[in-house]
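This is the structure I want to talk about, given as structure tokens.
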Amino acid sequence: MNCFLYNSSVGKKLVMSISGCALVLFIIFHMSMNLTALFSAEAYNMICELLGANWYALVGTAGLAALVVVHFVYALILSINNYRARGAQRYAVETKEPGVSWASKNMLVLGVIVLVGLLLHLSHFWAKMQLVEILGGHESEVGGQMIAATDGAALIQYTFSKWYNVVLYLIWFVALWFHLSHGVWSMFQTAGFANDTWYPRLKCLANIVSTLIFLGFAAVVVVFFIKAQCGCC
Amino acid sequence: MNFTLKIWRQKDAKSKGAFETYKVTDISADTSFLEMLDILNNNLVHEGKDPVAFDHDCREGICGMCSLHINGLAHGPGQNATTCQIYMRKFKDGDTITIEPWRSAAFPVIKDLVVNRGAYDQILQAGGYVSVRTNSVPDANAIPIPKADADESMDAAACVGCGACAATCKNGSAMLFVAARVSSLAKLPQGRVEGARRAKAMVAKMDELGFGNCTNTGACQAECPKGISIAHIARLNREFLAAKLQD
Amino acid sequence: MAFKLDAKIPAGALADKWSNHKAAIKVVSPANKRKLDIIVIGTGLGGGAAAASLGELGYNVKVFCIQDSPRRAHSIAAQGGINAAKNYQNDNDSVYRLFYDTIKGGDYRAREANVYRLAEVSNLIIDQCVAQGVPFAREYGGLLANRSFGGAQVSRTFYARGQTGQQLLLGAYAALNKEIAAGSVKSYPRHEMLDIVVENGEAKGIIARNLVTGEIERHGAHAVVIASGGYGNVFFLSTNAMGSNGSAAFQCYRKGAGFANPCFTQIHPTCIPVHGTQQSKLTLMSESLRNDGRIWVPKKLEDVKALRAGTLKPSEIKEEDRDYYLERRYPAFGNLVPRDVASRAAKERCDAGFGVNETGLAVFLDFKTAIERLGEDIIKQRYGNLFDMYEEITDVSPYKEPMQIFPAVHYTMGGIWVDYNLMTTIPGLYAIGEANFSDHGANRLGASALMQGLADGYFVLPYTIGDYLSKKIQAPKVDVNSPAFEEAEKAVKEKIQKLMSINGKQSVDDIHKKLGHIMWENVGMARTEQSLKTAIKEIQALRKEFWKDVKVVGDAMSFNVELEKALRLADFLELGELMARDALNREESCGGHFRSEHQTEEGEALRHDDKFAYAAVWEYKGMDEEPELTKEPLDYEFTHRAQRNYKD
């Protein structure tokens, strides 16, 4: 294949940048959707029903899956390449360079945590919802009771009543925060839309985006956990 | 001042290297780091031992020859300085100082602390020039260049080609070096003419030589003795992508 | 057998000589250029520009440098700028004025025709460099900016911050890279020329050592160009790079090339003073600082004592107690007198006991007035990087206290003798840039070294070399298995073997420091008959000591820095003596050569044009033999030789 997106370093990075950008946009959409669950279970379930296993939701899911695969496979290819470029002999002493963020040097590790979290999340939700519908079913057994494939609110309630899920999800969100705090400004840099004037702005934007995403997702998890503990509502 | 030095010793490219420990005593705080190594080497010669090989030449921070990784930092402590511009007053009396060569697959060790940076020459040979013949050029003032552009070009042109960027990068990427040249020429009307061709050729050569991929950590910029900004990497990306999208 | 020197200066009016000459000399057709090989030693402004231009013309070029990349040649360290007679500032500059300033600055010991040509092509250099993408400083209107420099009353110096040499060299290096990519130039980094091969009286190639493997290699060519720079490191401490050396030039001298005016050494007035005995290198502070800095020492000796004791800060000394001695002695040029004048004036004050540091060997360069006049911001813009560099080295901020400076060896005007074509006394052997002697006379003006290197490399040699090579188009490729190559290689190997086997007690640096000390004390800023005779005797003794007692560790067939240094020092030990001999012969003072016996009542250099208006060209006769002197008379047809006057 003789395409710069495949055989040049800058091209490969562009693929990371664009796929990453699309995933961030999806995450923002997902977060907004989640937030409705805080206010109204019915509203949330309406959205679940709307998406369900309709053709556009399926196309969207397939697209997202492809983005995740591309983002991850390219990350692996680039990382292996980078590891080799570093040479066999490593420095005996390494000191952190001033002004270099921890996240920027650990994007692969953070990415893997995010991916593992994603798989867990898919098993908790997607496997009980869209997958069930794809397989022709309408409900599945969760924790000893049958839950409808469109009853996302019930799944949320159930999942975050367990403290260990809360902990795992929060770890996942923290990893995502770090990943995005570098990734969001970095995608502009890779695409060539950055300069010394814009670095502070872009880094500020990255921090705002990653923090909002963290807070949005974490709020749902924490609120549902607290609700479950009170048992009042 | 007295120091303990842990220095990487390696006989030649093929041999396996190891650290050796040396002591230097009575060093004045005004001594430069490389003068301190000169003193060590003179002592080693008197003892009949092989002195430590290290690259250096102008000792004014401009030739780009010196290339030591000192206590985990390229060119040692101190911002915007090459190894030869480091003075012993930056260290504490009695410190142990670890000195290593550049570590990067594209910079193989030749001996001790000396590495082969020929890869950088090869990248520039791929396109880091303006194709003009001697004596076939217009008057120097024929094309006015905005001062801001000339200044930005100069910022990038300050690169001394020392290799600290690739040596410090966890990905072994040479992007800052390549970007400095591409960006410097891209900001001038004389360099614009071949801008697309240059960006493509230099990136291709950089990839071919086994340098890694930039992940925008900014470590290169932090360690660059000339303080060259990664904004030039953004410009390189822009130049390269724009060129490729037109193909 | 003395040399029969023919400078081959073309006839005609000064302004027409170069044009006439270019029209008269032969050229080589493109088809024939492909058959001809040229070796270039050195990749600085001269060598880099020459190799690139020759490759571009179609010759097969091999270019050698001792550094790991051609880009690191010491031209890179030039800070201030490059002169050209563009008259962009509208201050009535012209080719003639640049020519005249250079001749006068050189104290009337340079060739008029060469200097005029230099001034003539200076404008082409700026055009060339701009086209290559050299980011010269510009004004807001987008046009090129200029600054003024010592020895001139016009602003004709083009600059790229404090890194002009670097930017020009990167331009030449880029041009070289273009040719390397095209295949017309082959680059040999980390290679050192150890001998020149001469066959039937013509240069046929070199013997080189691969500095990584230690292998000795033979390279043949139809012509060899020496662009290896100057030999200032004979003084051990100088502003030259650690690796700068005179060996390539010295091998040419040894094989029969004349060496001209070896005693003309430039001592740069603004260097950071020596701080101790362990120092390896001196750092230059750009001459451009003299544009805004004022040089002074205290008027009162008690202030000097207090300064040395550390009880008084320089900034506390009152204006009326300061002696701005350059402004006092040279009202017209003030702090911008030529380098030799400024250096000697500093020495005069220090000798009189007014040196301001513990060693008594420093004067102040003060920016107080400039900061008051222009503000700290403007000064920071102009000299920020130099001020930072100074503070890094000395731990003193020049914004608060004046800099301390002292003269140090910087450049050598002397070098291999060349004719108007830049060819040495050995046919087929050329010398360009600092390695030759031709353009700066007894003193070089600031911002003229870059000009000369690039002039020779881009605009002179590529034409003049054709005149010789046009006679070689029938000559076959040089056979590197000929007896001349065999012999040269054998001699080199024996020399290395000898050095490795001495196994004495002193390191190369130990002996080099001793040589430096002898040179600085006796062949430095002020020389006397007595000091020079002492120097010759001491150097001869030191040379014997070297060949008996030097210790070179390691293996010759590997990367061996000690061996490299030993080979260079062996040549310095002969070159130093030659410099002293030349200085002894020249019983006058001119430019950088100051014989204390020959000075005016005011302490200025006193030339003796009746006896010494010549270039002294020396011929090698053997290591311990006296060299033979041949004189090339310097006729001044177009300028009137006068006592240099920077007073009014």
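Lettered A, B and C in written order, each chain numbered from 1.
We take it that a contact is a pair of C-beta atoms (placed from the backbone, for glycine too) under 8 Å apart; a residue touches a chain by one contact, two chains touch by 3 or more.
What you see is a predicted model; the values in this text were computed from it and never measured.
Colleague: Of all chains present, which has the mean Cα position farthest from that of chain B?
Modeller: Of all chains, A has its centre farthest from that of chain B.
Colleague: Can you identify the chain nearest the overall CA centroid, using each chain's own CA centroid?
Modeller: That would be B.
Colleague: Using the touch rule stated at the top, which two chains are linked by the largest number of C-beta contacts?
Modeller: B-C
Colleague: Based only on mean CA positions, could you tell me how far chain B sits from chain C in angstrom?
Modeller: About 27 Å separates the centre of chain B from that of chain C.
Colleague: For chain A and chain C, what's the span in angstrom between their mean Cα positions?
Modeller: Each chain reduced to its C-alpha mean, chain A and chain C end up 63 Å apart.
Colleague: Counting in whole Å, what is the centre-to-centre distance of chain A and chain B, each centre being its mean C-alpha position?
Modeller: That pair's centroid distance is 38 Å.
Colleague: Two or more other chains in contact with one residue: find those residues in chain A.
Modeller: As it turns out, chain A has no residue touching two or more other chains.
Colleague: Can you name the residues of chain B that touch chain C in the complex?
Modeller: On the chain B side, the touching residues are 11-12, 27-28, 30-32, 34-35, 38-39, 42, 44-46, 48-51, 53, 55-65, 78, 80-81, 85, 87, 89, 110-111, 114, 116-118, 120-121, 124-135, 137-141, 144-147, 150-151, 153-154, 157-158, 160-161, 184-185, 187-188, 190-191.
Colleague: Chain A touches which residues of chain B in the complex?
Modeller: So the residues of chain B in touch with chain A come to 6, 8, 17, 19, 69, 71-73, 79, 98, 100, 103-107, 109, 168, 170-173, 175, 203-204, 206-207, 210-219, 221-223, 229-231, 233-242, 244, 247.
Colleague: Touching residues of chain C toward chain B in the complex: what are they?
Modeller: Within the complex, chain C touches chain B at residues 49, 52-53, 56, 67-72, 74, 76-77, 86, 88, 124, 126-133, 135-144, 160-161, 163, 165-167, 170, 173-175, 177-178, 180-181, 187, 189, 212, 241-243, 275-276, 278-281, 283-284, 388-389, 392-395, 458-459, 462, 505, 507-510, 551, 553-554, 558-559, 561-562.
Colleague: Give every residue of chain A touching chain B within the complex, in rising order.
Modeller: On the chain A side, the touching residues are 4, 7-14, 78, 81-82, 84-95, 97-101, 104-105, 107, 182, 185-186, 189-196, 199.
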